[in-house]
C-alpha cells in the first residue's frame, strides 16, 4: 500500500508515456522507441496498481497474468507476418472482452451486495458493456474473415439494416431501464451483453475482406472507448486518459487509412450495401472482370517513396502533357530517397523516332539512364514499381499474346512483369493503334487518372511531405 | 446560482472552444473564425462564473469589468498597425498583473481571517505571484522598448547575471519560508512580489529591440502559466486548462519564431551577453558598418511566397551550380502563388556571350521572360524581391558610383533599387573582376549563403509547405 | 496532497501536451496574430478575478479583485479585438494563399 | 453528478483532443504497427482487471477478474510484442527514409 | 538464304542497304551474305568491317547472283538484267525504279518495294520511309541553320541582344516532326503546320506552336496517317494560312508530301518576296517537285535575298547513320520474310503483300495506290 | 564626326563594319555617316536600309574621305593610300593588315586595331574578338554536324538505337565555350579541354565534362584570361591527355589559340589515324595555322576516313548577325572615342591607348605583345 497521491502521480507518468509513445509511433524513425516507451508506461501502470489496490487474492491475479502473458507472447512470436492483421483483431477483441468482464464484475459485486448503482455509474457500466462486447464480437468476425475461417466476401441479406437497428434500440432500452431502476437487474445485464455481442457481429459481417484493416482500426478505437468507460466505472484516471487517447487517435488513424485506400469511412461501413465504389470494385476486380483499379495520389506517392527499383516508361502522353521536367524532378526525388530510377525507352514511343529522347534530353535526363527495350525488359521482374506515363500501345501485352491484335508481334516493354504498375493517363482512351490495353486491368496495375503533368506535380509534393 | 456540475461542464465547453480556436489560429484560412470561437469560449466562461460563484458585491465586479473593457477596446481600436507588438506586450502584462492580484487576494483573505495556508496552496500561490509579476514587469519593459519610451538597444552591465541569480534565489528562499511556516507572512508576500517585478525587468532589459517579438511571445507563454497557477490557487479547471494551453503553445510559437529569425532561444535570451550571432549582427548591421546580413531559408521562402513582383538575376554562379532547372521550378511556384517572375539578363553575365540564354533555354524558360538590361532596369523600383543567383560583377553598384573601380562605366542591373534583395552565393568571394560588391552590405540586401542549387531546392520545398 | 491538486496536475499535464501538439508550422505572417490571440486566452484569469472580486472577502480582496477584473478584462477584450483587427487586414492579401 | 465523474469527463475530453492531434500523417507502411501499438495501449484495462480480480469481492467478481486479467494481459503482452516485431522488420528497409 | 548487297550506282547515293552490324544479325540467323566490293565505302563502312561481320566480299556479279538482292535504290535496267532468275529484290523502287520494272518482271523476279511497307505499328521497324525521313528532317535543319546568316538561338551579349530565329515547319510528318525537334534544340522559336488534324497535338507535344489552317476538315487524313490531296478550296485556305505567317519567318523547312503524288505547293513566289532578306527556305520535298514554287531540285537559288535550298537525297548527306537505320529496317524485313532463316514468300501476308510489286513474272498491283 | 563605312574587298569577307541599326544610334548621337555602295549587300543589309537609317550612300572615295573610317578588315595598301590625311581608321589589323600599316603611318592616320581591345569587363562591349569568336564557335559546330555522317543526339527508333555522338572541344575560350554550348544543344556528349585552370569550372558551368591535362600548372594563364605558350614538357602532357581521349570522339572542334602566336599544335597525324572512320575535325584555328597537324586552311582534307575541315573567316559564314555584333562593338567604341559626338582622341585612355597602333605619323607600339 502506497499513499494514493503517489499512485495517482504514477498513473500520470504512465499516461505521459502513452502520449509520447503514441506520437512517436507515427513516424518511421521514432516508432520502435515509441512502442517501447508506451510499454514502459504500461508496466508502471500495472506496478502502481498492484501497490495501490488492496490486493487480497494474489493467486487469482497471478494465474490470470501468467496465463495471459504466456498466450499473448506465444501468439506474438509464432504468427507469421502475413497474418498480422488477424492477430491484431484477435488481441483487440480480448481488450474488449476484458472491459466487459471488469464492468460486469463491478455490476455483479453491487448485485451481490444488493447495493444500488448510482445513475452515472449505471450509465458508464452499460456503455462499457456495450462497447466492450461490440468490440469483442466484431473483432472476432474480422479475425475469422481474415483467417478465412469464414468467407472474406461481404455477407448481406435483406432486412439486415432493420435488424441491426432493432437490436441497437433494444440495448438502449434495456440500458435505460437498468439505469433508471437503480437496483441491479441481472436480466437486463445479461441481455445487454448478449445483444451487444450480436450487434458487433451484425456490424462487421456485411463488410468485404478488402476493407477489414479499416474495420479493425475502427474496432481498435472502440476498445479504447471501452477502456475509458471502464475507467469511469472504477473511477481511475489512467484508464480514462489511455482509453480516450486510443479512442480518438484510432478514429484519426481509421480516417487516414480510408484516405490511403481512397474511400470514405461511410462507404467502408456500408460499402457492402452501397456497392460499386471504385476501390470496392477494385477489391473484387478479378472476380468482376475488367474494371481498372484507380489509385489515389497519396498511395502512389507512398509506393514510390519507399520503392527501391523504379522504371519509368514514358509515352506519347508524356509529350502531350509536356511533363518532361516534372518527371525528371520526380526521379530525382525518388533517388534522394535511396531508390534507383531508369527510363525504359520503347523504339516507337511517341509520334516520331526519338520522340522520348528529345523530351528527356530537354529535361537533362542523363543519357545513361535511358535504357533500350531489349536491355530493360529483363529488369522488370526485379522492379518494385513500373511507372507508365502516357504510354499505351508500347506496353500492350496483346502484342505478345493475342495473334488477332493488329500490333501482334511487335516487341513491347514487359511492364506487366513488374511487382506493381502505376499507369498515368487522363482516361481510358486507347493509343495510336486504337486498341484496348489489358495491362490496365492487370491485378497489379493501378491507374492514376489525370493529365500527366498535374499528376506528377501532385506526386512530387505528396512525396516531399512524407 | 446553478448546480456546480453544470458550471463545470460550462467550463469544459469553454476549454473546448479555446482548444479548437487556438488550433484554428494556426493557419491563415481558419484563423479569424478560430479567434472568434475562443472569444465565445471566454464569454461562456465569464457567464458561467457569474452564475456559479456566489457574487456578493456586483458593484465591484461591474466597475472592474466596465473600466477594463472600455480601456481594452479603446486601445485595440486606436492603436495603429505598426505598434501592434507593443500593444500585445501591454495586454500580456495586464494578464500577468491580474494573476498576481488574484493570488494576492487569496493570500490576503487567508491572512485577514488568520487561516493557515495548506502547503500545496502555498506553493501555487507563490508560483502565481512569481510568474505573474515577472510577466507584468517584463512585458512593461518590452512595451517601453518597442514604444521607444526607452532605448531599444540591449542594456547590459557587469554583474548583471549575478544580480539576477541572487534575486532568483531570494524569491525561492522567501517562497520556501512562507510555504513551510504555514501561517501567512505579509513581509514574504510583498517581498516576493517586489523581487519578482525586479526579476522581470532584469530578464528583459538586456535584450535588443530586434528580438522583442520573441521575448513577448515567451512572456505570453509565462502569462499562461501564471493563469494556470491561479487556477490551482482557486482550484478551477478552466483556468488550468486554458493557462496550460497558452503556456505550452506559447513555448512552441516562440521556438517557431526563433527558427524563422534563425537564432536559438538561448541566444535570444542571452544574445546581449553572447554578442555577434548572425542575426544580432544583422540587427545592428548599419550601425556596425560592413557586415552582410544573412537570411534563413524559411524567411526567404516567406518573402518570395508572398511577393507580387519578382525579378531573378542569374549570373555565373547559377551556371556553376547548374541550377537552371531548380530556378525555373522556383519561378513556376511563385507564379502559382500569384506572383509574376521575370529574368534580368545582363549582357556579360556568365563566362561566354549568351551563357544565361543557353542555361535558361535548357530549362525551358520561355524567351519572353528573359528581359534585357535596358528594359528591366526601370522595373526594379516596383519589384518586391530581386533574387540574385550567383551574380556579382553585373550587379555591382561600384560600376555606377565609383570612378576608381575597374568596372566603372559598365552598365549594370540596378538591383539595389529593388524593395528587397536576396543574394545567393556560397560565400563572400568576389566575381570575375575580383572586386568587392557594396550591394551585399546594402541594408535591403539579405544573403542566402550556400550552393545555389541547394539553396533553391531548400526554398522550393519550404515555399511548398507554406 | 489533496485530491483536488492531483486532479489539477493531471489536467494541467494533459492540457500542456495538447498545447504542444496544437501548433505545428505557422507562416510568419501569422506569428503576431497567433501570439495576441493566445494572449487573449490567457486572460482567462478573469474567472479567478471575478470570484475574488465578487466573493466579498473583506475590502482588500475586493480592491485587489476589482483591479484584477479590470486588468483581466483589458487583456481579454483588448486581446480579442486587436487580434481580430490584425486577422481582418491579413485575410485581405494573405488570404489568397 | 459526482465531482469524480465531472473530473473524469474533463480529463476524457482533454485526452480525446490530444488523441486527435497526436497523429497527423502516417505512411501506409506504418498503419498496421500503429494500429496494433495503440491497441496494446487500450490493454490498460488490465488496471481495472487487477483491481477487480484482486479485490476479492466474492467469487463471481474474482472469476470475472481472472478472466479479465488474462484477456487484458494477452492484449497487452501480445500487442506490444507483435508491434515490436513488425517495427523491427520495418526499420530494415523503410528505415532509410 | 543467300543475300547479295549491291553497291549503289545512282548519283549522290552514299548509303548502303546493309551495314556490317545488320549483316551480322542476319548471318547469325543462318543466312550467307555477299557484299559487292566497296559497297559501304561512302557510308564509312569499309569492306574490312563486313568481313569481320562474316560476309564475303565479291565483285558485282557475285552480289547480283544472290537469292535475295538488297539495294537502297532499284538497280538500273542494265544491272537488273544481271540478277538471277526469280530472285527476290528488296529496294526502294520509287518512280526512278519503274524503268527497271519490266526487265525485272521478265526475269520473273519478285520485287519488294521498301517504300510500300504499310504504316502499321507492327511494321514500323521495317519502315524505311520513317527512318530515312528522320534523317532528312534532322539534316534539313542543319542545312538551313548553316545557310542562314543568323543565329537560331537567342543570345544576350555585350554586343547587343540577338533575337531567336523564327522557324516554320510545313508538314508535320516524320521528317517535319524531327525538324521541329532539331530546330527547337538549336533554340529557334518553332511553328509547325500540317493539314492533318492529328498533327496539331503532335506538334504541341514537341513544345512548338501549331499554325492551324482554318477548316481544312478531317478529310485531309488518309489511312496510315498519310495525307491526301486537297480540294482547291481547302488548298486556298492552306495558302492563306501560310502566307499570313511566313513573312515573319527566318527559316522555313518544307516537308509536306502526299504519297505517290507530286508534293503540294505551299510557298508561292509572292510569299517568298514577302520574306526578309537573308531568310532561308529548305525544301525537303524537292525530289517530288518541292513545296515552293521557286525550288530548283538539287540547287540553291536566291530570290529577293531569300535562299531557297532544294536538296536531293538528304539522307545521303548523313550516310553512316542513314545506312545503319536503313540496314536495320531491311534486316527486320528479311527476318520477317524468312522466319527460320529460309525464305518463305507469303504474298497474303499483310506486309509482304503490300510491298510486292511483281512476282513470278506478273506485275501485282497498280502503283501509287 | 563624319564616319565612312568601307565595302570589304578581302576574299570571303561578307561582313560589314556598321549595320543600319548601329549607324542609326551613331547618327542619333550626332554623327554623319557615308556608306560605300553595296557595303552591306553580302550581309543582307541592302543600301535601302542604310538610307532609312539616315546614312548617305556614296562611292568608294566618299567613304574613304571621311574623318573616321571603319572597316572589318584593314584596307589593302592601295586603298589605304586613298584615306584622308590624319584620319582615324578603325578595323581589325591583324597580320594581314600589317602590309598597309606603313602607308597609313606615312599618311599620319591614327590606326585603332580592334583586336587589341583590352580584356576588361568594361571594354567587353567593344570586344570584337569576343563577339566574332561567339559566331565562330557556333558556326564551327554546325559545320561539323553537317559534315558528320552521323546524328549528334541520341535516338531510340524502330530502326535501332543511335548512340549520341561524342564531341571534344579543344580550347575553352569564347569560341570554345560557345561550341560546347551548341554541341550540347544538339545532343552530343561534350568534353571540353583547355590549359587554363579557370576553364575547368567554366566548361562544367555549361554542363560538359572537362578533360584535365595533368599538371600543366597555372602559368598557362596570362593577363586578361589569355593563354600563353607552353613549355615543351607541359606541351607533351597536353598532347598525351588529348591522345588519350580523342580516339573515342566523333567530332572535334579545335579553337585553341594564343594571341599573336601561331595556334598551338594539339592534334597529331597519329591521333587522327587513331580516330574512327567518319569522324570529323573542325579546326577553327586554321587561320593561325591550325591546331591539327593535317589542317589545310580553307580546305577539307580526308585522312584515314577522317574529315579535317579548316575553315577560314568563319564569322563571314553568318554575315548578318556577325556584322550586327561587330557593328555594335564598333558603335560603342566610337561612342567611347567621341563621348559627345565630337572625336576626342585620348591616347592615355586605358582602351584607346591599348588599341592605337599608329598616331600622328608614328608607330606607337610593338605588335603582338
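The chains carry the letters A, B, C, D, E and F, assigned in the order they are written, with residues numbered from 1 in each.
Everything below uses one rule, namely that contacts are C-beta pairs under 8 Å (C-beta built on N, C-alpha and C of every residue); 3 or more make two chains touch, one makes a residue touch a chain.
Because the structure is predicted, anything quoted here is derived from the model rather than measured.
In summary, the chains found to touch both chain A and chain F are B, E.
Common neighbours of chain E and chain F under the contact definition above: A, B.
Annotation: the chain A:chain B pair of sequence copies touches via predominantly the same residues, more than half of the used numbers being shared. With A-E and A-C as the two chain pairs, more C-beta contacts join A-E. Seen from the Cα centre of chain D, the chain whose own Cα centre is farthest off is F. The chain with its CA mean position farthest from that of chain B is E.
Separating the centre of chain D from that of chain F, both taken as means of CA atoms, is a distance of 81 Å.
Centroid to centroid, with C-alpha atoms defining each point, chain B and chain E lie 69 Å apart. Distance from the chain B centre to the chain C centre is 19 Å, each centre being the mean of its Cα atoms. Residue positions 124-125, 130-131, 134, 153, 155, 157-160, 162, 185, 187, 207 of chain E each touch two or more of the other chains.
Multi-chain contact residues of chain B (touching two or more other chains) are listed as 15, 19, 23, 237, 241, 347-348, 353-354, 358, 361-362, 364, 465.
Each of residues 1, 7, 10-11, 13-15, 17-18, 21-22, 24 in chain C touches at least two other chains. Contacts between chains, counted with the stated touch criterion, involve the pairs A-B, A-C, A-D, A-E, A-F, B-C, B-D, B-E, B-F, C-D, E-F. Residues 14, 43-46, 124-125, 127-128, 130-131, 134-135, 138-139, 142-143, 145-146, 148-151, 153, 155, 157-160, 162, 182, 185-187, 277-278, 305, 317-322, 324-326, 328-329 of chain F are the ones touching chain E in the complex.
In the complex of the two chains, the chain D residues touching chain B come out as 1, 6-7, 9-10, 13-14, 17, 21. Chain E contributes residues 153-162, 164, 187, 189, 207 to its touches with chain B in the complex.
Chain C makes touch with chain B in their complex at residues 1-2, 4-5, 7-8, 11-13, 15-20, 22-58, 60-62, 64-91, 93-97.
Within the complex formed with chain D, the residues of chain B that make contact are 5, 8-9, 12, 15-16, 19, 23, 237, 241.
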